[in-house]
Structures are given as structure tokens and as C-alpha cells.
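One chain, chain A, links the two complexes that follow: it is found with chain B in the first and with chain C in the second.
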Partner chain A sequence: MVSDNFLGNYASVVAARSTDKSILKGAQDGGIVTQLFAYALEEGIIDGAIVAGPGDEPWKPVPVVATTVEELLAARGTKYNISPNMQLIKEATRSYGLDKVGIVGTPCQIQALRKGQLYPVGLRDVPDKIALAVGIFCMENFPYQSIVQLVEDHANTKLENVTKMDIGKGKFWVYTGRGASVQLPLKITHKYEQAGCHVCLDYVSNLADVSTGSVGTPDGWSTVFVRTKNGGDIWAKAIAAGCFETKPMDSVKPGLDLVTKLATEKITKNQKTLAERATFGVGKGLRNPYI
Partner chain B sequence: MSKVVEISPTTRHEGHSKLVLKVDDAGIIERGDWLSITPVRGVEKLAIGKTMDQVPKIASRVCGICPVAHTIAATEAMEASIGCIIPDDAYLLRVIMQCANRAHSIALHNILSLPDMYLPGTDTKINPFSPEEPVRSVAKRIQRIREISQTIGEIAGGEAVHPSNTRVGGMFVNVSPRAKAKMYDLAKEGLALARDQMEFMIAIFRNYQKRDWAEVGGMKVDIPETLGYHNQGYMATDPIYGSSSLDENPTWDISRFNEVRPWDWYMGEMEVTDDYPDYPVGGTTAKGTKTWPQMEANTGVPLYDGQPVEVGPRARMVTFKNFDEKGTIGQQVARQMEYTDSFYKLIECLDALNTNGKVFVDELPTGDGSLGWAANEAPRGSDVHLARVNNGKVEFFSMLVPTTWNFPTCSRALTGAPWQLAEVIMRGYDPCVSCATHMIVVDEDQRIVAQKLIQ
Partner chain C sequence: MSNKISVGHVHMSGCTGCLVSFADNYGGLLTILDKYADLVYCLTLADVRHIPEMDVALVEGSVCLQDKTAVEEIKETRERAKIVVALGGCACYGNITRFSRGGQQNQPQHESYLPIGDLIDVDVYIPGCAPTPQMIRNVCVMAYLLLKGNDDQKKLAAEYLKPLMSLAKACTSSCGCDIMDSVINQGLCMGCGSCAASCPTRAITMQYGKPNVDREQCIKCGACVSQCPRSWFSFDVVSQFEGITDAINGAME
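== the complex of A and B ==
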């Protein structure tokens, strides 16, 4: 078990992608999240997963409890705005009747999940029903209005024409159905970030069973950390079942160094913001949730 | 010469109450008062001015054992006031919650009653926490029945304690086919366990009925054949669910109801003249203590046809199934008989439930201040809520809960029993004193307070 200050505890890290072409087609990166849930669903490891499904407005996610592969497929791809997936954590065990719940979330959502499992305030009968928590990497998130503004005003594209958004290589990328792509420098996006993200000290979903993101591996591939015993068991079974193609992390570019670099940047920057909150006022400060 | 003995607090029931007993030289109760000394929370007063949606959620918090009853009765009182008929599948989900909660509540009460009872053929009282057989298996069965019931309640109602799914106008969500299948499997398992548990409990109570004596705190007391008999009437609105003023033929009659103050019903100021330090656990109230039931009782006294009545499982069995056994054991037996009925009804509702059916009305009226009422047959009996809703806000709210009905009735049923068995009689009612004490009737001049408000 590796214990890293910036990347958390993990048993192994690999470059991977789904072997299922139909999953890869609409996936953000290597289709890890969708493939892992699809496998777990078919094997009865989970009986449903909370994912960010499509909503009424373009690119505005709505949390759904997916109990079929079709519903999982419909939720592929990153939506760069808030999807309150934890909202359904209790309901999944109620009117949906699930016993083994899967959930995907950003690092903060996985933190909420773990906190709920250890300190279940108002979460009766939830803690023991969490069967698989997949975390995604996250540098920051945006309110929906920010995305509207970034896409429609800065990138000059109608949101409904957008087929994919991506943050990578120092830019915010917007791809359209007609083949165009627009790139915005990240300095434009900064003021649109969700303010609460500036005190976040987790980049690679340290508390998930398995966490995954795009950074570190080539396009179409994902970086995957296998963290818990539960995550390890499911990952090993999925590999044995031929769900994933993998490569050692040190055989791919840019590799783990870049993940570490970005994680370090996020955490040190946000630690500074946190420290500043202590002396925000004159003779008084703002709350620090970590103490 | 009469003596006065007081048991305070009483135990193995919900809430806080006491027994003030006038007994003869042989220790036989001549007149007993069983009264709530639970602090009044005044839900009915604080409901005024709040929205029709929040009041049932507050009313639920009156009691965590039967929150389903208060949630449903309060919600349906609002619906009765605004004239709102909910969709069929919402109704079915409510009945499912109702049945699940009843089964859990009976099972919980088994745990509270068993320590008064004997292992058949022995002089050993039952300790439900004993690791020894046969008690261990029974305790496990009880826990499994409760787990099953609470899980079903949680699926249909959103939450087992304080259901979140109900709303004025129906339910927030229907359940998934998987959830329905899960409830069905659980109900099937529950039915088998409930049948075994019912038979076991009835055998235990019948055994007690055959006994001549019971031991209480080292005292050997005779068990009278008429333990817990009374001559009050019964009141019940339905074998399982309830009734409301929206029904074509409502089964509760508001014109037969009135309510008086404890002052009119309970005994006056007295002094405790006898004490028993060995009464388990911690002895009875010390000699010389002043006691004043009229002043101390924290409930109103609801009357039906001018008399206190008994509500609960036996009242339902008497009203709907020609059950005729009186007394404490009859009451306990009737309660056990509701075990399997709960699961049968639950399964029937699951069969009828369409998981694609709508569970909320298309249009929700907001009310014009008309009076509506709804009775829910809570585990402990008829729980009648009355409301006036005007423009979405509650103008008047009143809760006539089962244990409030039973307080004066049970007090009468104490007469003729050795004082040491007063708690056994009381437990036959499965008292829920928090339920009973959600309010107080305070009106110095008007005796019939609630009715005055209703006119």
C-alpha cells in the first residue's frame, strides 16, 4: 500500500481503458466509470449506481439511480457543473429498494459518502449498503450559469450543439457536433469557479474504492488508482473478465509525475486559501471545516 | 381503611406516567388513577398558522414508535379539510406503511410485556434479554420481525421513523419494481415469523391466565380472574387502516365525541400512606408524598357518548370480528391476533400496487377553512386528527390519540386488582404516553373545549 501526501493511499495505479467500444464512444476518457459499474451491475456486485444523468437543460446533470446499462451509458461524459449525486444516497435504499449501491462522485462527494458511513446523521440504513464508490479526479467545478457563460459567451457556441467539454493541457475545450472545437485559456475560467472549491484539499478522490481521471495518461486512456480492499477485489475481477486493457503507469506519458504535480498545486494553493480565512477579518476569521 | 400507594414512574411503556392507587387492607385497588406526567409539548397550539405540509411532519414527532399513525392521520385530516382524494397507488403505499408499522409495534410491545409473564410450566419469569433458550430464539424472532417491518416501512414511507414520503395530496414518489419485489419477499418472510410469534405469545398469555399467583418484588400476589376488566365501551374505525370525513360512510362520529379536563375525571389531592421499597425497581413513592392527579395529569380526557372508551387491538376485534374476551389477557391476545392480519393486508396491497401509477393529485386544493378529520387505526387504537385548513395554512388542529382515550378507561380497569399488578394491566394497553401528552385542554370555564373550537 502506497501512502502519498497528495495522491492518498492506494494499492496500485495503472493506465487503463474499457475494452468495450460502445462504452468508449461516449466516455470522457477511458470509460472506466461506466465500464466498472456496468460490470458490477451485471455481476450483481451492485444493483444500481448513482450517476450524473442527463437533465432537461443541455449539459446540466441530474443525479439518477441507474439500474440498467442503458442508463449508465446515457450518463457518460463529464459535465463541468454541479451534480449533487449524494442527494440520492438515501433514496436509493428507499423507494428504489437497492441493497448494494454504487456511486460516482468528485472527491468532495466521496468525502460526504464516507462521512455519512461513519457518522450517519439522518442516514439510517445507508452505511452498510454502499457497495462501490468510484471517485473521479477534480481540480475544480462550476455552477451551471458559469458553463452557460463560458460556452455561449466566451466560446460563442450554443450549449445544445456541444458534444464534449474537457479541461486538459492548460485549456478548457469545447467540441461541437459540427466538428469545430474552441479552446479557452484557463485564466478566463477562473472567475467562474465555484467558490467552495477553493478550500478543497483532495484532487484524486483519496477516499474512493477506485478513483480515476484523465491526467497522466494519453487521450482515450485513464489513470486508475485502486485503493480499498473492496475496490481491489472488484477491479481484479473486472480485469479477469476482460473488461479493461491496462498498461503499467510508468510506461505511459506524461505519467504519474504530472498527476502528483497537479495534486500538489491544487492542495498547496487551497491550503493557502484556508490559512487566509483564519485572518480574513479584522481581529476575526472565517470558519475552517477541517478543524 | 383505604391506603394510597403510588407507582412513579411506571416502566416498560413509552413515555412518562404514574399510577395513584387507593387500595383496601388486602392491597386490592378500590380506585386507581393512571395519568400522564410527561411534559406537554403543545403540538396542536404550535401548529396554528403553519402550512398544511409541515404540520403532519411535526405531528409525526409526537411519537417515534407510531409516527406512521400521526403522519397519516394528520396528512389525511388536511386532505379531508381541503377536500382532496389521493390516487389509489398513494393510498396503497400508505396502507403498506400502516401494516408494517403495526407489525413492528406489536413486536416491540412483546419485549415490554414478556418480563411480566412466566415460562409455561415453571415459576420463572421471562427475561427477553436472556442468552438462554427458548427465550433467545424468541428475542431473535422479534428482532427480525421488527427489522422486516421497519425495512418495508422505510421503502414505502421513505423512513421507518418519521416517514418522509407522505405529503398532503398523496406521496412524493412511487416505488421501483425492485423495491416492490423486496417488500414482497420481506413480507412473505415476516408472515411466517409473525404466525409463529403470535402462537408463542398467545400460549404465554394463556399460561398466565391459568396461574393463581404472580411474584412481584418478593411479594406473592393472587391473580384475579377478572384482571383488567372494565365496563366502558369500545371505539374503533376500521380493522386495519382508518376512516375520514371524506368517506361516503365515515366510521367515526364527531357528534358523539367531547372532551373534558382531567379535573372532571381524576382524583383530588391526597397523601401517599404506604410504601414498598422492594417494588421493582427502586420501590414505590415514599410515604407522606403529596399527590394530586387532577392537577398533575397532562392529558385531556376524550369521551365518546359521554364515557371513556377503550381503543386498540381489542376494540378493533370487538367491533369488527365479534371478539368478546375481556380483561388484560384478552387484550393481549387480541393484539397478537393482529400480527398475521398486518402481513396479509400488506401482501394484498403489494399485489394491487402499480409501480407506474401516479401517487400525487393533479391539482391540490388549498382549503377554505372547512373542518375535516381523519382517523387512523394506530397500533394502539384510533388516532383521530381534526383540522381546518385555509389557503394552505392550518387554522385549527387537534389530535385525539389512542393512549389519551385509554388513560381514563384503563384507570377504571384497575379496580379489583392487587396494586402490584396495576402495571400489568396498564401494559395491556401498550401505552404511549408521549402520544397521549402532545397537548392539554386548558379552559377554566368551558368543559367541552375541543367541541367548542370545532363548531
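== the complex of A and C ==
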């Protein structure tokens, strides 16, 4: 078990991608999230997963409890705006009747999940029904209107024509169905970020069972941290079942160093923000949630 | 036997739903009573008439100021218990009794209700309406470890209970507005949706990734703001979620 200040505790880290072509088509990166849930669903490890499904406006995610592979497939891809996945964590065990719940979330959502498991205040019976928590890496998120502003104003592209958005290589990329792509320098996007992200001290979903993101591995591949015993068990079974192709992390470029660098940058910057909040006013500060 | 802690359930102006939640640990309740705690007082379940000395008092309900017996009992509870736990939204924050204003037969003068923390010092809060069986279980196991465990266990239990003790120090009123006042207004909300999930009355909906509180529907239980990870979050404890979960599950076997 590695214990890293910035990358959290993990048993192993690999480069991986799904072996299922239909999952890869439409996945953000290596299709890790969708593949892992699809496998867990088919094996009865979970009986449903909370994912960010399509909403009523283009690129606005809505949390859904997916109980079929089709529903998982419909939720592929990164939506760079808030999908409050924890909203359904209790409902999944109520009207949906799930006993083994899967959930994907950004680091903050996985934090919310673990707090809810250890200190369940309004989440009766939820703690023991969490079967698989998949975390995604996250540098920052945006309100929906920020995405409208960035895509429709700055990138001058209609949201309904967009087929993929990606933040990578220092740019915000917008791809359309007709093959066009627009890139915005990240400098432009900063002021549109969700304020609450600026106090976030987790980049690679340190508290998930398995966490994954794009940084560190080539296009079409994902970086995967296997963290908990539960995550390790499920990952090993999925590998044995042929769900994933893997490569050692040190055999790919840019590799773990870049992940560490970005994690360090995010956490250091946000720790500074937290420190500044303490003296934000005159003789008065803003609240620090981390006790 | 002697190595168990003594626990009492004190029923103030509550609905017994908190006690039902405790019982809803099913076999777990029996394990707790077998291994860790003697239930020395509980009018619903046992024939002990007066509040005895106890290690932990689980107090549910708020206090009616116009009911002399109630006021005496909450004071006695403080005198006789080492650790006083406010169990549930009513004891912590007043909850639905915040809306009481008298005028009903046959005690129309029974109009003022306060959470127990306004009359006595409270050590630990277990918020929620109802509080969850799992949280009550966790607090029982941790209280046992704090009082009877080895040094490592004492340390873990103290860390675990710390936020719940801070809540007890912080205040005696709560409502959905806290989500606005102390999370969104403070620039801390990141739109996870935990508050909406934890609200027992579905007073919170998520709109464009942020909670919207229907204040007419809010019963002032305080669950939302307690559950919010940006209300309070302890990396020390939550990062150990795997070990703590294993320890609690192990204790309940």
C-alpha cells in the first residue's frame, strides 16, 4: 500500500482501457467507469449505479440510477458541470430498492459519500449498502451557465452540436459532430469555475474504491488507482474476466509524474485559498470546513 | 458484565422515533446490549422509574418549559450521566417542537419548548429526524471504546466523536437556511447533493447543481447541514473510513 500526500492511499496504479469497443466509443477516456459498472452489474456485485445521465438541456447532466448497461452507456463522457450524484444516494436504497449501490463521483462527491457512511445523519441504511465507489479525477468544475458561456460565447459553438468536451494539455477543447474543434486557453475558463472548488483538497479521488482519470496516460487510455480492499477485489475479478487491457504506469507517457505534479499544484493552490479565507475581512475571516 | 458501560434512554418531548431507530439495529441492538452496554433506564422498555447514574444518557425530545417534571428530569439527567447525548433533531435543535406555541387542550399553557442544550451542557449530538440506526450504533461503539478501550481505541473514539462534540458546542438551532448561511453564502458549496438526499421532508431540491430550500417544508431538523461535507469534514477520521468500518463491523459480529 502506497501512502502519498497528494495521491492518497493506493494498492496499485496502472494505465488501462476497456476491451469493449462499444463502451470505448463515446467514453471520455479509457471507458473505465462504464466498463467497471457494467461488469459489476452483470456479476451482481452491484444492482445499480448512480451516474450522470443526460438531462433536459444539452450537456446538463442529471443524476440517474442506472440499472441496465444501456443506461450506463447513455451516461458515458464527461459533463463539465455539476451533477449532484449524492442526491440519489438514499433514494437508490428506497424506491429503487437497491441493496448494492454503485456510484461515480468527483473527489468531493466521494468525500460526501464516505462522510455519509461514517456519520450517516439523514442517510439511514445507506452506509452498509455501498458496494462500489468509483472516483474520477477533478481539477475543478463549472456551473451549467458557465459552460453555456464558454461554449456558446467564447467558443462560438452551439451546445447541441457539441459531441465532446475535454480539458487537457492546458486547453479547454470543444468538439462537434462535423469534425470541427475549438480550443480555449484555460486562462479564459478560470473565472467561470465553481467557487466551492477553490477549497478542494483532493485531485484523484483519494477516498474511492477505484479512481480514474485521463491525466498521465495517452489519449484513449486512463490512469487507474486501485485503493481499497473492496476495489482491489472487484478490479482483480474484472481483469480476470478480460474487461480491461492494462500497461504498467511507468511504461506510458507522460506517466505518474504529471499526475503528481497536477495534484500537488491543485492542493497547494487551494490550501493557500483556505489560508487566505482565514483573514478575508478586517479582523474577520470566512469559515473553514475542515476541522 | 462489569466491563460494559451503562446507558439510559431519557424521553423528553419526543416521539419515541429515536428509540425505534436505536431498536432498528435489529440483531445489532442485541449485540450492543450483550457486549457493550447495559440499558439501565428506559421507560419504554424497562421498569426503572427514576433516572439512575449512567455512563451515557441518550436523550430524545426537547423540553417543555411549562412542564415542571420535564425540567427537573433534564437537570437530573445532567447530574447523573457522565456523557449526555442529544439524540435526534428535537433534542439537538428543537426540530418540529420549534413550531409549538400552546393553545391546545388540555394543557393550553404548554407553549415553550427548547432543545436540551439550552438547559444543560450537552456532550454529543446525534442529529437527524429520525437519527439513523447506524449513527446511533457507531456512537454506542465509540462511547464504549472511549470509556473501556485501550489507548489506541480511546484515541480513535475521541477523534470520531470530536465533530459530534463540536456540533453540541456550536448551537441549538438549525434549519435548511444553514445550507445557505454557512455553506453557499460562505463560498463552500460544490453541489454534491448530500443535503437533498438527507432531508427527511424533501424540502431541498437541486437546481442547476445547487440546493434550493423550500423553507415552508423544512421542519428544522438540521440533518442537511450536518450531512453536508462542506459544513464540517474531518480528514483525520474520514480518510480512515475503511479501517473504521471494519472495526465497527467487527465489533457488531
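Keep in mind that, in the parts below, the second predicted complex is superposed on the first by the 291 of 291 C-alpha atoms of A that agree within 3 Å, B and C clash if a C-alpha of one lies under 4 Å from a C-alpha of the other, contacts with A are read in each partner's own complex, and residues count from 1 in each chain.
Just so we're on the same page, a contact is a pair of C-beta atoms (placed from the backbone, for glycine too) under 8 Å apart; a residue touches a chain by one contact, two chains touch by 3 or more.
Keep in mind that what you see is a predicted model, and the values were worked out from it rather than measured.
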One more residue to check, A:87. First (chain B), second (chain C), both or neither?
second
- Of the partners chain B and chain C, which touch A:96 in the superposed model: first, second, both, neither? first
- Partner chain in contact with A:108 - chain B first, chain C second, else both or neither: second
Chosen between chain B and chain C, the partner touching more chain A residues is C
Determine, under the contact definition given at the top, whether A:124 touches first (chain B), second (chain C), both, or neither. both
Tell me the contact category for A:180 with respect to chain B and chain C: first, second, both or neither. neither
Review point. Thinking of the overlay built on chain A, is A:188 touched by chain B (first), by chain C (second), by both, or by neither?
Key: neither
The intersection of the chain A residues contacting chain B with those contacting chain C is 91, 124-125
Counting only contacts in the complex, chain A reaches chain B at residues 47-48, 67, 91, 93-99, 124-125
Per the touch rule, the chain B residues reaching chain A in their complex are 151, 154-155, 158-161, 165, 173-176, 178-183
Touching chain A in the complex, chain C uses residues 21, 126-128, 130-135, 138, 160, 162-164, 166, 182, 186-194, 196-200, 206, 208-210, 221, 223-224, 226-235, 237-239, 241-242, 244-245
In the complex, the residues of chain A that touch chain C are 9, 60, 63, 81-91, 105, 108-109, 111-112, 114-128, 141, 143-145, 194-201, 206-207, 228-229, 277, 286-287, 289-291
